[in-house]
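Each of the next two complexes has subunit A plus one more chain, namely subunit B in the first and subunit C in the second.
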Partner chain A sequence: MTQEALLEVRGLATHFFTGQGIVRAVDGIDLTVCRGETLALVGESGSGKSVASLSLLRLVEEPGRIVAGAVRFAGDDLLRLSEREMEAVRGAKIAMIFQEPMTALDPVQRVGDQIAEGLRVHEGLARRAARARAVELMARVGIPDPVRRARAYPHEMSGGMRQRVMIAAALSCDPDLIIADEPTTALDVTVQAQILSLLDDLKRESGAGVLLITHDLGVVAEVADRVSVIYGGQIVEDGPVEQIFRRPAHPYTQGLIACVPDVELPRQRGRALQSIAGSVPSPFDRPDGCRFRDRCPSAFARCTEEPVLVPIANGHSARCWLNVR
Partner chain B sequence: MVKFLGRRLAASAFMIAIAATIVFFSVHLLPGDPVLILLGEQGAADAEVVARLRAQLNLDAPLYQQYLDWLGGLFSGDLGKSLQTGLPVAEEVLRRIPRSLELIVAGLAFAILLGIPMGVVAARRRAAPAGLAVSAVAVAGFSAPVFVTGILLVIVFSLWLGILPSSGYVAFGADPLGHLAAGLMPALTIGINFMGVVTRMTRASLTEVLRRDFVRAARARGLSHRAAIRRHALPNALVPVVAILGVRAGNLLGGTVIIESLFDWPGLSSLLVSACFARDYPMIQGALLAIFVLFAFISLVADLIQSFIDPRMRTGR
Partner chain C sequence: MRSMTAKLVRHAQGRNLALVVVSPYLALIAIMAVLPEAIAPYDPLAIDASNILAPPTSTHLLGTDEIGRDILSRIIYGARVSLGVALAAVAVACLLGVPLGVATSYLGGRLENAIMRAVDVFVSLPEIFVAIVVLAFLGGDLPTLVFTIGLLYFPQFAKVAHGMTASIRSREHVLAAVSLGAGPVWIIWREILPNMRSVIIVQASFTLSFAMLLEAGLSFLGLGVTPPQPSWGQMVGTLKDYLFTNPWPVVFPSLALFLTILAVNILGDWLQDRLNPELGG
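After this line comes the complex of A and B, so read on.
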C-alpha cells in the first residue's frame, strides 16, 4: 500500500491553559490518512481523540490552543493558513460528522437548509439551487421521501435519519477528507450498522479519505483500513487493521481488544467481562515515563523512561519497551 | 400553524373571561363607598339623597344582578358610565389605550434594536473591555428605578439642552411633531429599562447557545464565527428572550403608573389610578379589563413570534 497521503499530521500538540494548570490533551501525535482509506483513531474518553479531530479543523475553543505541529493537507500546512483560508477548507475540502446528530443540528432550521448551507457558502449557490441539491443528497444517503423530509425540522426525525442528514451535509461539497467523530455512538445498534455501511459505500464512491474517531473496536474491525491507538494524548500503537487485531504489540491495545465481549459464543460460566484495571490518568497527574504503566499488567523497571514509537513490522509500530529487546 | 393559532386564541378568550369576573368582584370588594365620595361630606348627610343616587347608579341592585349586567354589557361593548363624569367608560378607555400602547411599543423597539446587538457583543467578548462596558450599561439600565431614569432624562433634555418638553401630552392630530417630542422621553424611560433586560437576557442565552454542538457544526461547514452566530446561534438564543419580553411588556401596562404620572401622560395607568381614588367602579373595571385584554394580546404576539422562530413550540412539545 504505497498510496498518496491525503493528510499528514506531524507532532500535533493541543494544550488547554486552565486555571488549575496546563492540560496536554493532545501531546505530539502523528497521523496519516491516504486517499480512499479509513484510518480509525481509537481511544477511551479522555484520551484526546476528539480534541485531536477538532484541532485538524482548528476548531478548538479557548482555553485550548494548538501549540505545536503541522497538519499537511493538499500541499498546505493548515496550521499556517489565515482564518479566512481555513474557512474555505472547512466543509469544502474537509468535512466533519459529529457524534450527536440531535445536538449537532440546529433545532430551529429545516434540515434541507442545513444540508444546503455548505453549498451556499462554498459554491455560492442560490437558495433554490442549493435546496434542490440538498434533496439529491438526502436521496443519496438513503432518506426516503427527500422532498418532503427536506422541509422537516430535526426534532421530527429519528436519530438514524438525523445522522444521515449530518452525512448528507458533510458530503455536500464533495470533500477529500471526512472526519467522523464517533458517528454511531449515539445510535441504536441496528442503526449503527446501517450508518457504517453507508459511510463505507460513500467513501468507495467518492474516493475520499476517512478519519474515524471511535472507542468501539467492533466498529474499527468493520470499516477501518488502518488503526492508530491514542492514550494520554499520544499515539501508542498504529498499523494495519489485521495486524492490530492479530498481533497487538502494546499492552493497552491488547487490553482494549480483550474488552470487546465475544458475542458469537455464549460466554462460559464464570468468565467475567474483561476490563482494563484503573482508569485514564488525570491529565494533570500523568505518570512519568510510559503513561500506561500504572495500569499495565506487564510493566517493568524500564517503563519509568519515556518510550518511543518503534517499528515492529511493515507499517506497524508501538510505543512500548516490551518491543525493544 | 393554523391549529396552533386557534388553540392559542381560545386560550386568550378564556383568560379574558376569567379576568372580567375577577375584575368585577375585586373592585366591589374595595373599601369605600363611591356614592359618599361622589356627594361629598355635605350631600352624604342626607340619607334620602344618598339612596336616590345609589338607585340611579344601579348600586342598590344585588351583587349578582350587577355582575350579570356587567357581563351582558361586555358583549355589546358597553362598559357602563363613569360615576364621576357620566360619560361612557368604553369611550374613555379606548381613547387611552393607544396612548399607553405607543409608549410601550416605542420603548420595546428601542430596547430590541439596541439590546440585541449589545447582548451579542457582551456574549462574544465577555472578558474584553467592550463586553464589560456593555454589561455595565445594561445593569445600570435595568437596575435604575424608572423615576430616576426619567428624572435624569428630564434634567438633560429639558433643563440643560432645552430641546424636549419636560411633561405633558399633545394629540398627534393637533401637532404630530409636538406629539412625538412629548412622547419621546417617557418612551425612552421604558426603553432604557427594557434595553438592560434585553441585553442581559441575550447575553446569557447566547453564551449558553454558543457552547452547543450545532454552532461548532456550522463552523465545520465553513461558516465564519460571525455567520454561525447570525444564522444559528442568535435565532436559538432569542426564543427565551422573546418569552421574557412578552411577560415584561404585559406587566408594563399596569406598571407605567410612575412614568405616566412623572411625564403627565394621560394613559391607561393614570386613568386607573384616578378612577381608584374616586371609587369610580365602572371606570376601574373598564381600565382593568383593558389592561387584561392587552396583556392577553401581547402574550399572544410573543407566543406567535416564538413559534415562528422555534418549530418545536408549534406542536406544543
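After this line comes the complex of A and C, so read on.
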C-alpha cells in the first residue's frame, strides 16, 4: 500500500460556545488518511466523531468554532482557505456521505438532479449534460433502471437505494477523499453489507481515501485498514485494524470489542451482554486526568494525570498509563 | 395498508373533484377579466333609460343599476379590476416579502431582529385604515391601489419566508449540498426557494382572497377605482342605497365576489396538496 498521506489532521480542536459554558467536542485530534486507504474513526455517540468530520470541511455551525489545529490536504491547510476556496474543495476534492439518506436528500428535488448538483456547481455542466452524467453515476453505484430512477423523488426509493444516491452524489466529481459519516447505520443489516462492499469497490477503482465514521466495530472489521478510536474528543487509540482487534491497548477499545455480541455462540445466550459501565461523561464536567477513568475497570492512581498518546508497536499507539512501564 | 391506500385514492379524487368544479368557474372569471368585450352583452357604461333598477329580465339578465346600466356587463368588466388589482398586489407583496424574509434570515444578528420586529409592526397595522389614509393622500389611481394593498400584505410573506428559510437551512440536505460545494446563492435558489414554494403558493392564494376583499372594501368606500369604471366592491357600494327598493343589483356583484374568493381558496388548498411531492406528485 502506498503511504502517501492524503489528509493530515493535527491538533484539531472544535469547541461549542454555549450559554452553559464551553463544550470541547473535539479537543486536539490527529488523523492521517492515506491514498487508497480506509481510516475508521470509531466512537460512541457524543464522542465528538461527527463534529470532527464536519470540522474537516468546515461545516460546523454556530455556536461551534474550530479553535485550533491544521487540516492539511493537497498541500493546503484547509483551515486557512477563504470560504470561496473552501467551496471549491467541498464536493470536488473531499465529498461527504451522510448517515440518514432520507433527511440528507432534498425531498422536492428529483434524485438525478441532486446527484448532478456537484457537477453543475464545480464543472458548470448544463442541466441536460449533468443529468446524463447522473444516470451514469447511478448505474455505477448499482441502481437498476437508472434512466427512470433519476426522475424519482427520494421518498419513492428504499433506504438502500437512497444511500446509493448519496454515494453517487458524493462520487460525482471524483473526490480524492470521501468522508462517510455512519453511512450504514440507518440501513438494514443485509443492505449495510451491500453498501459497505460498494464503498470498498468504489474506493479501489478510484484510489480515493476514505474516512469512515462509525460506532459499529463490525463495520470497522469489514472495511477499515486503520482505526482511530475517539473518546471525549480525544484520540485514545490508533493503529492498524488487526492490531486493534488482536491487541487492543486501551481499556476503552477493549470494552468496545467485548461489547460486540457474538452471533456464532447462541448456546451461551445465558451469558449477560457485555457493556461498558456508565456513559460518556458530560462535556461540561469531564474528569481531569484520563477522561475514561470513571468507567475504566483498570483505573489506578496515576489516571488522575492526563495521559499522552504513546507508541506501543509499529503504527500503533494508545493514550493509557497501563502501556507506560 | 390496502384500506389506507384506498382512502388516499378516495381523498385524491375528492380533492380533484373540487378542482373540477372550481376551475371552469375561475377560467370564466379569467376570461371576463381578460376579454370582457367578447362576452359582455352590453357596453358597461351604456345607459338604458327605460330600465332603471330593473330586476332580472330577459333583456338584462341580472337587472340594471340606478342609471340603467346592465349589471351583468358591469360584473364582467369589473372582474378585471377585482382580479387584476388583487393579483398585482399579491405579486408586489410576494416579490417584496420573500426576498426580504430570505435575506433577513441570512443576515442574522441584530439587523435580523430589527427588520423582523419592523415587519411585525406592519402586520399589526389595521389594514383598511392604513389603506384609507394612504389613498386619501396619494389619490386612488390603480397603481397606487395595487401598491398600497401589496405593501399591506408583504409582511406575511416576509414572515413566512423568514421562518421557512431558518428551518430549511438547518436541514441536513442543505448541509449535504454545502458539503458538495454549493455556495449561498446556489443554496437559496436550489434548496431553500424550491422547498418553500408550496407554502408561498398557498400563502399567495389566501392573500389573493384577502386582497380581493380589501380592494372591494376600498372600492365600496369610494377609494378604489374611479367611476364610471366598474369594480365589484364599488358596485355594491353605490347600489347599497337602493337595497330596500331593489336588492338584486347588490346581490349579484356580492355573489361574484364571494364565489371567486371561495374558488381561489379551494384552488389554494388543492395546490398545497398537489405541490407536495410526498403527498401527491
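Convention: the second predicted complex is superposed on the first by the 321 of 325 C-alpha atoms of A that agree within 3 Å, B and C clash if a C-alpha of one lies under 4 Å from a C-alpha of the other, contacts with A are read in each partner's own complex, and residues count from 1 in each chain.
By definition in this document, contacts are C-beta pairs under 8 Å (C-beta built on N, C-alpha and C of every residue); 3 or more make two chains touch, one makes a residue touch a chain.
What you see is a predicted model, and the numbers here were worked out from it, not measured in a lab.
Visitor: Clash or fit: what happens to subunit B and subunit C when subunit A is overlaid?
Guide: Once subunit A is superposed (C-alpha atoms), there is a clash between subunit B and subunit C.
Visitor: Looking at A:V219 after the superposition, I want to know if it touches subunit B, subunit C, both of them or none. Which is it: first, second, both, neither?
Guide: neither
Visitor: Looking at the overlay, does A:D106 come into contact with subunit B only (first), subunit C only (second), both, or neither?
Guide: both
Visitor: Give one of first, second, both or neither to describe whether A:V210 is in contact with subunit B, with subunit C, with both, or with none.
Guide: Touch partners of A:V210: none, neither subunit B nor subunit C.
Visitor: Check whether A:G118 is in contact with subunit B, with subunit C, with both or with neither, and answer first, second, both or neither.
Guide: Both partners, subunit B and subunit C.
Visitor: From the superposed pair, tell me which subunit A residues show up as contacts to subunit B and also as contacts to subunit C.
Guide: 57, 59, 87-92, 95-96, 98, 100, 103-109, 117-118, 121-122, 153, 155, 166, 169
Visitor: Applying the document's contact rule, which stretches of subunit C touch subunit A when the two form their complex?
Guide: So the residues of subunit C in touch with subunit A come to 171-173, 175-183, 186, 190-191, 194-195, 197, 277-278, 281.
Visitor: So in the complex, which bits of subunit A are touching subunit B?
Guide: 54, 57, 59, 83, 87-92, 95-96, 98, 100, 103-109, 117-118, 121-122, 153, 155, 166, 169
Visitor: State the interface residues of subunit A toward subunit C in the complex, per the touch definition above.
Guide: 57, 59, 84, 87-92, 95-96, 98, 100, 103-109, 117-118, 121-122, 153, 155, 166, 169-170, 172-173
Visitor: In the complex of these two chains, what residues of subunit B are touching subunit A?
Guide: My answer: residues 212-214, 216-224, 227, 231-232, 235-236, 239, 309-312, 317.
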